[in-house]
Structure formats: C-alpha cells, structure tokens
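One chain, subunit A, links the two complexes that follow: it is found with subunit B in the first and with subunit C in the second.
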Partner chain A sequence: MTELRAVQTGRSLSVPRVETRSQRSRSLDVLVALTAFVVLALLPSLFGSKALLDFVIRCSAFGLFATSLNLLVGYTGMISFGHGMFFGIGAYSFGLLMQRAGVSIPVAFVAALLITAIAAAIIGAICVRLKAIYFAFVTLAFQMLIHSTILAWASLTGGDQGLRGGIPRPVFLGVDLSNHLHLYVTSCALLVLGLLLMRQIAQSPFGYTLRMIRDNANRASFVGIDVWRAKLMVFVLAAVFASAGGIVMALFVSGAYPEFAYWTISGEGIFINMLGGVTTFLGPMVGTVLLLTLNDTVTRLTDYYGIVLGIVILFFAIGLRKGLMDFAVGWYTRRREREHC
Partner chain B sequence: MDLDALTGCLASPACLVTQTTSGFIIGMLLFLVAVGLTLIFGVLKIVNFSHGAFYMFGAYFAMTAYQVSGSFALAILCGALGTAVLGLIFERVFMSRVYGADILMQLLVCYAFVLIFDDVVRMVWGPEFKSMGMPAAFQVMPLFIAGGVVPPYYLLLIGIALAVAVILGVGLARSRIGKVIRAAAQNPAMVSALGINPGLIYGGVFALGGMLAGLAGALAAPVRSLTPGMGFSVLIESFIVTVIGGMGSILGALIGALLIGLIRSFGSLGFPLFTEGLMYLFMVIVLVTRPTGLFGKEVA
Partner chain C sequence: MLEIRGLSKSFGGVKATDNVSLDFADGSLTAVIGPNGAGKSTFFNLITGALKPDAGKILLDGIDLAGRSPPDIVRCGIGRAFQVASIFPSLTVQETMLAAVGANQGRAGVLYRRFPLAETRDRAEHAMELLGLADRRGRTAATLSHGDQKLLDIALALVLDPKVLLLDEPTAGMGTEERWRMIDKIRELWEKQNITVVFIEHDMDIVFKIAPAIVVLCYGRVLASGPPDQIRRNDAVIDAYLGTEYHTRTAI
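Up next, the complex of A and B:
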C-alpha cells in the first residue's frame, strides 16, 4: 500500500512540469504548421508553374505516408514492410466510394479512413505480436495478399487496369477539387494537418510510451504498459495517416492502381525514411522531397535511373550511415559541443 | 475461380503427372535460390535482398557462354562460377561494411544493388526479352509417364537440384568445412579466436550462395525468357520459401520450395488469378502459427 502511494505522489509531482513544457512546444508546433500552410498556399501566386504545384501535391501524398511509417519505424521500432497496403486501401476505398456510392467527398474521405482503420485493426491484431524481422515478413505477406486480391477481384477493382474512368469530384463547401488550384490547397491543408496531428501523437505521453517500447519492450511491460495494445494502437493510427496519403494520391491521378498497394510503395516509404532520417520528426518529409526531386531530375536526364539512384543510396548507407536529417542534427550538436569547450 | 478444372485434374493421372512435374521444376529452381538465401541468413544473419540479381546474372552469363562456345556444360559452369566471383566481391567490398549496422542499412545496400544490377544488365544485354534456346542434346521426344508429359531436361534439372540438396546437407553436417561454417554461425568471435578468419568464411558462404543462385539461373535459361528484373519475382518467391521453411534451414528450404512449386502449378488450375495470393496466404498462416517457419529453430 505504501508503495502504491509512493508511485502516485511521484507521478503527481512530475506531471505539471511536463504539462507546461509540452503546452509551450504544442503552441509552437501549431505556429510552425500555420506558417508552413500560409507559405505553401501563397506559392501559386509567386510561381504559377503547374509542374511545381504537381510536385507539392505528390510530396503531400508521400509525405503523409512516409511520416506515418516513421511512427512505426522510428518511434516504436516496428519495421513494417507492408505499410503501403494502407496507402492502397485508402486510395481504392475512396475511389470506389466516389464512383459507386456517389457520396460527397468529405463523407467518402472519412469513410475511407474508417475502412482502413478497420482493416488495420484486423491485420494488426494478427501481426503486432510477432517480433523484429518476423513482423516485417508478415506485414509484407499481408501487403502482397491485398495486392493479389485487388488483381483477382476484377469486378470490383478493375484488376490490373485499376479504377478507371476517373473519380468524380463534386463541389463541396465551395471547394472544387477538379480545379487544380483547389486540389493543391486542399492537399497542402491535409498534409499540414496530418503532420500536426502526428506530431501531437509523437509528443504525447502515448508517444513516449512508444519510444519506451522501442528501447525496451520488456521494461515497458514491467511498468504496466500493455505493449500489444499500444503497438496495435499505433499500427492503426499510422495506417489511417497512410490512407490519407493514398486518398490525396487517388485525387491527384483521379484513379487507383494496383501499384498503390504493391510492395514497392512500402519499399519507397522505408527508403524515404532512411534518406531523411528516422530520429527527427521532419526527417521523412525531408526524405520525401529529396527522393521525389531525385526521381524527377534523374529520369529526365538518363535512361539508367537505377544506377544513379543505387549509387545515391550507397552513399547514404555506406558513406553517411544515416539519413540526412540525422546526419545534420548530429553534425550540429557536435559543433555546438566543440564551441562550448 | 475454376474448381472444376482442379478437381478434374486431380482425377486424371496424366494431368496429375504433368502438373506435379511442373510444380517440381518451379520448386527445384526456387530451392536453389532459396537455399543460398537461407545459408547466408543462417551464417551472416543478413537477408540478402539482392539475391535475385545473382539468379539473373547466372542466366545471362550462361546464355552468353552458350552462344560463344555452344557447349551447354560450359554455359552452366560459367553461370555458376561467374556469380560465385560476383558474390565474393559484393560481400567483401560492400556488405562487409554494414555488418554491425541496422538491418535497414543492410537492406538499403541490397536494394541499391538490385537497382544497379538490373540497369547493368539492361546496358550490357539490352532491355528486350532474350531466350537461350534448348540445347540440342535435350531436343528429344518427351517421356510419357502415365499419360503425362515429362521433358527429359526437367529430369536433369530435378536431378541436379536434388544432388545439391544432398551435398549441402551432408557437407554441412559432416565435413570439416561444414562444421566450421556452423560454428561461425553460432559464435563468430570464438571461431576467429581459434585462428580461422571469419571474413573468409563470410565471403565463402556468400560466394556459395551466389553460385547456387547463378546455377539456378543457368539451369532456368533454356526454359525461361531472360529479361532485366527477372530476378525479382524469383527473389520474392524464394523469400517466401525461406520464411515458410524457416530461415537458416536447408531441409526447410527444400520442403518449402516444393510446397510453393506445387501450390503454383495446381493453384494456377483452380485459382488462375489468385495463385500468388495463395502463396502469400500460406505464408501468413505459417508465420502466424509458427513464426520461425516449419523447420526453423527458435531464435532468441
């Protein structure tokens, strides 16, 4: 009984300090997010080029996806090779709802996220109890199972042709997503909102629980954390944000294709994370911009895209041995330490 | 779904023989690739995602050697030895640098080489489909067993793969080198303290794995079409095989490969569109019920 009380007083002592600090950083996050959104929204009036706007829309889709993957890989230490399935499920369920059910865009959006959450809860309940490399294998297997199902269920999904005929985009609340500028601002808003929400999750007590599970799952369960539940929770949350990325992609290309659920999307997500770095929150976003820029320039310049990309990857994996943001943060702290000495 | 075709085939001995042999062919080629994958994982604790590229190089090396010399035996030899050298260089120069690192870093290095190797093949041999053609010695009448068609080349293929399985199994269990390799898998520090260079063992195992994948590629060259990126589907399937059989187990690789081969050949009758789905479903079931695979040892 005394022990119990000691624990309780200990907690009540430390809570207020944490609260005030996170309160301040939270308003800072909101401020940064608002600034980023305003800058992105003003971009079209400065540079009118359609290619740039397209680039930002693609960055939004992949940025949401890659950052959500980092919730699993970087924060919880769950290396998922199948995260792309939720990107695909989001794109397909949104596209199908718009084509077949004829509902409004916000309804289809929320419903698609819900469908993804349910799918992720079922798949996650099976997967998350497996450890390390076996978790990676089983998520990969589920990803390919979903991909095969999309190919085989041609009457619903259009098989290997994908969802064709375009996704209808009725006007809602004065927003017309068939207008390129409206689509651009909407995807920027979704990106900023998604990143802000994920940042809140990462900095919340739940986020710190995840870091604890990553560092030592046994210890976490000794202090009374239900590791399985926490892992399942973050698996579902990450899936929902990945699904939002898929929906942005579906809106952008006005369709959904089996490649969205193929393992290469997951591979690209992992690659983006490694490129940008997994120890900072914005690392995956930096990685997204890097990879997409690299993609666009290299494919324009040479046919042998693989060799160039391969060499860049080798440079990161063997040369830097970490992602760009991790490297930059490490370099910065080392320099500051030297200055202090 | 076409269950009638499947039950119809199961009732007819001719179809049964044909489908079983084609399943065995797929399975045996997969086994040769997967056993290298499983050996490398067992000893080096690395999932070699670029293993499919060795299969591809084996096939292209064999085709070139066959076109130059006209000898099929030489073609196979070239395919196997060429990829062995490639494996050795790849391990010593690149992979050995990321042994201590994160598994994601190892994966990235492999992924980089998948991209690079595919483009190298595209540069050297061109992007189009190539075919090597069946060697004259095997352009004979197929055998008929219970009404089912069995080309003699298939028998050679199955024979070689089975021989490899036996040599590897016995060699690892009994020979001195086999014992050293198993010791290095368990405790590399102790092995190196006994005066054996672990780098040599690692390089050797990687070369052996590469050689087996190259052998599979060379053997597949007469019956499959060659294209850059051909290693990829083989990699994914042999990956399923090793996971099902248990990472690090040779017997597991053999049984897993045959199971996947049979699922493919019979599944393509019953579920033509969902054959791959069946394999992944099987993989999920095995992983969920026995995460370490059918023959894998419990790893801590």
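Up next, the complex of A and C:
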C-alpha cells in the first residue's frame, strides 16, 4: 500500500513530504511523551499508595538504564556485559558531588553526566574496536575494575558501606526532592525526557547508521562510515543515559552502594532486554516493569527468587525465542497481514 | 584516471598480487578475468582498502590511496559491490539507499534531525530507478531474491556517486538468463553514468561480448591486458587460462 502511494506521488512532490513525515513522527513522539507524563503525574492523586510511587521511581531508574543498553544491544548489535558500571558511576559521582562539593542538584546532575561521559569515552576507546565476544568480556572486566575501585577507595566512596549519611537535597527552582511527591514527579520527568531523547537518537540519521553497523559493519565501512567512531559515540551516549538512571536511583535511596556498580546490575539490564525484547524502542521499558513486578511479587512469596526468575527467562529465551514486545508486534503484524488477504 | 603502480601483497609465502601495474582510463569498462586463485578478489580488496598493500601505489586522479581505510577510499570516489551480495538485511531497499546517501553527504552522525533527510531523497530515488528497484522500495532487503540483492549491493555502491565502480562477480550464482540481464544492466549503467567500471567475470562469452578492455590475472601477475581480439589471440592467455578447451571450442 505504502509502496503504491510513494510511486504515485512522483518526485517533485515527495521531496518536501519526506521531511514533513519525519517532522510529524517527531511531533507524535512528543505528544506520546507528554501524555505519558501527564498520566504518571496524575497517578498520586488517583492512588494514595506510596508503594506504587516507589515502584514507578524504580522503574524510571531501571527503565532509563535498560533502554540505554538497548541502544547498544538492539540498535548497534554491541552486547555489553558491563553497562551497569555507568549506572554506578552516575550514582556515585552525583552523591559525592552533593555530599562534598555542596553544589545545587541541577549542577551536580549535569556534572555527574559529564564525568560518566568522560569515563565512557576512555573505556569505549579501548573496547569498541573489539569484536563481539571480546567486547562483552572487556566491558565486564572494566565493570569489575570500577567495582573494585569503589570497594578499595574507602576514604572517598565509603568502601563496602557505600555513601552513607544521606545525600543532601537542597531545594532548587521550587523543587524539593526530599518531598516524596516532588521526587516522584521529577523521576517521571527524567524518565520521559530521557526516553524522548533516546527515541530521537534511534530515529535520527545516526540511528540508521547504527542499524547499518548492526546488520553489516563491513558493508557500512564501504559506504563511507567510520564504524568505530560511530560505535564510540553510541557507547558514550548510552553511558550518559545509564548514568541518569543511576542518579535517579541515588536520589531514591539517598545514597550510593557498591552493588550499583556490580555486574549483577548489568545482568539485570540484559535480563530486562531479553524479557521486553530489543526490536522495539519500548521493549526494554516493558521488560523493566515485568522484571520489577516479578521481583516484588516473587520475593514476597518465596525465598527462591533466583529459580523463579531463571525459569521465566528460560521461558522467554527458549519458549518465545524473543521478548514480550517482539512477540506482541510480530503477532499484531501477522494478524493485520491476514486481514489484508 | 585510476593508475595502479607496482601493487604487491603476499600472504605468508604466497604472492597474491605481484607487482601489478595497470591503467583504467576515465569512463572505461574493463573486465578482469583469471583462473581461481589468480588474485582477482585480492586485487579489488587492495584497491578498496580492505587489505593493506605491501608495496605499490593506487593513484586516483594523481592522489595515492594505498594504505588508507575503506571509508576514506570510498569518500575519495571508489565504490565496490561484493561477490556475495553484501547488504543490510533488516533495512528496506529505500532505507538502505537513503541511509547510504546520508552517510555519503557526511551526515551519518546527525542526531537532532529525523531520518530520512529530505536532501538525500533525489539521489536515493535516482539509484533505485537506475537499477530497477523502485517498485520494491518497501521490501526488507533480506526478503529480496538473490538477483535483486545483487542489484541492491550494486545500487549501494552506485548511490555514493563513485568515480570508479568495482564489481566483484556481479553475475555470481545466477542462471544464464539472469546473468545476461545483469550484465546488460551493468553495461547500461556504464553508458548512462559515464563512470569507470571494473568487473570480475568468469563467463568468457559475457566478457568477450561486452568488455571493451580485458585484464587477465594469473598467479597474482598481469598476464595480458588489452581489447578482446588481442586477448583472444594471446598465446600466453590461451596456454594459461583459456586452455585446450577453448582451442577446441573456437575450432568448432
């Protein structure tokens, strides 16, 4: 159908049309984001449950983290086993800046993102030239290095006790993050803004450069693309969004702990992507909600959380062979095709 | 003008390309032939930067490209298509073309705008029309037929507006009829686009019919080069490559 229409319109007409269509897709995304934000912001007035708001804040932190990992895994085909280190670096640098430098929250936020970007640029410069499995292993090695550094550098980081004493949350622009509701709305805003920015990256010309690299990196280089430069760029961008997730987490628990930079965080990121699926933009977000719901219900019911989670993962990996969103989209397109016939 | 001067490459003790010097005039159409293992693909890999030459020069309009990276060489104006169609399986034909033009315009890293960019449209459209892929624009590359995938691979090289187009066995894996369709297409492209085309081909009937110039490689060396008539009568070529089978066939 679209094929036919494209042919009929002819050349002179369709040149401006391409740009309008891309404009329209962007406006649509902004609209969806705004709607989502309004709905989330209205939740507290509909349900008084503090647990629900806590759940959404944790979803914001992990959603940002998991979606940023999908920029690497799903869009570029770079399987990083160490993405959690940037979650940890974000949490720690934000917490330390707030505790020691006494700056305002927005300044610490931006500075923490910058610190993560610099760390990611250095680590990425070493990692992104490596092929598949070596890339995975070396990112994991860097993760363990960061984790060990946090444990060993006790005078700065508090070692295995983490950053204690709470993170000061001075009021800025009328926002008081020690107020639970303010923290909730800010987390939602960061989540929605972060997703919107990542969506823009995924749908930009650069996003298509990433898809070309994922599909066939050799061919991409013969189209004139500097593959390792593009990989480094997406590695740094993804790290920045993961860092934002870490900052939300640090604000939520009012501290930072070595577990934030441990490999299990990276593992959870991979789990989330497997649960939700990597072929759609919102797959990881769906996966986040799934994993956290599972986590909360299963830990309440049984001590054998690991076994239950393992079975669920096996079901998705071997049973469906894809994430929930991949499955849903596949089912929907198959149904539509059948209707057309 | 593409000038190759003393190009050499060894793998261990094997000289895959041995002191090759050749000229490809602007707007020429040249076939490269040679038995298996003659170094044809290596020759292409050296020119396009997939392999680094041990020695020699690759001069495109006087600028030496030897030792540069593939993206660099592509930007200088040498495009290539592969023996096994090398495409982006999950992108549609149209997306492939639009993304390639974007990359060629130096916009592969643009973040703040949406794909596709309006300024990439015309060239993408032109390339699809030229190769007859316009009616399959919405198809995902992976679902195309083998022949169409080969065409898409060539389109991917052509859409970059190269000065020189290198085609590594454009008819590989095709039936006789499809081969001729493909080769007619290439000849048509060459005539319309006025670019330098160099292609590797195994089918002697095709080579002698359509190529105004032929290069014969054997054990990494240039055995002969010239117009078809000259190659056909060249004793060294007949002995080394065309062989007795060819003698008998011409006799009949």
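Quick note on the criterion: the second predicted complex is superposed on the first by the 323 of 341 C-alpha atoms of A that agree within 3 Å, B and C clash if a C-alpha of one lies under 4 Å from a C-alpha of the other, contacts with A are read in each partner's own complex, and residues count from 1 in each chain.
Definition applied: contacts are C-beta pairs under 8 Å (C-beta built on N, C-alpha and C of every residue); 3 or more make two chains touch, one makes a residue touch a chain.
Computed from a predicted structure; not experimentally measured.
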Touched partner set for A:L145, first subunit B, second subunit C, both or neither: first
Partner chain in contact with A:Q200 - subunit B first, subunit C second, else both or neither: second
Touched partner set for A:G224, first subunit B, second subunit C, both or neither: second
Touching partner for A:M274 - first (subunit B), second (subunit C), both, neither: first
Which superposed partner A:L31 touches (first subunit B, second subunit C, both, neither): neither
Subunit B versus subunit C as contact partner of A:A125, first or second or both or neither: neither
Which superposed partner A:N216 touches (first subunit B, second subunit C, both, neither): second
On subunit A, the residue positions that both subunit B and subunit C contact, one per complex: none
Complex contacts: residues of subunit A adjacent to subunit C: 2-3, 6-7, 11, 14-16, 18-19, 22-23, 25-26, 200-201, 203-209, 211-212, 214-216, 218-227, 229-230, 233
Interface residues, subunit C side, partner subunit A - complex: 48, 50, 69-71, 74-75, 79-80, 82, 86-91, 94-95, 98-100, 102-104, 107-118, 121-122, 125, 134-138, 156-157, 160
Contacting residues of subunit A [partner subunit B, same complex]: 73, 79, 126, 130-131, 133-134, 137-138, 141-142, 144-145, 148-149, 151-152, 154, 159, 263, 267, 270-271, 274, 304-307, 309-311, 313-314, 316-318, 321
In the complex, subunit B residues that touch subunit A: 47, 94, 97-98, 101, 103-105, 107-109, 111-116, 118-120, 122-123, 236, 240, 243, 271, 273-274, 276-277, 280-281, 283-284, 287-288, 291-292
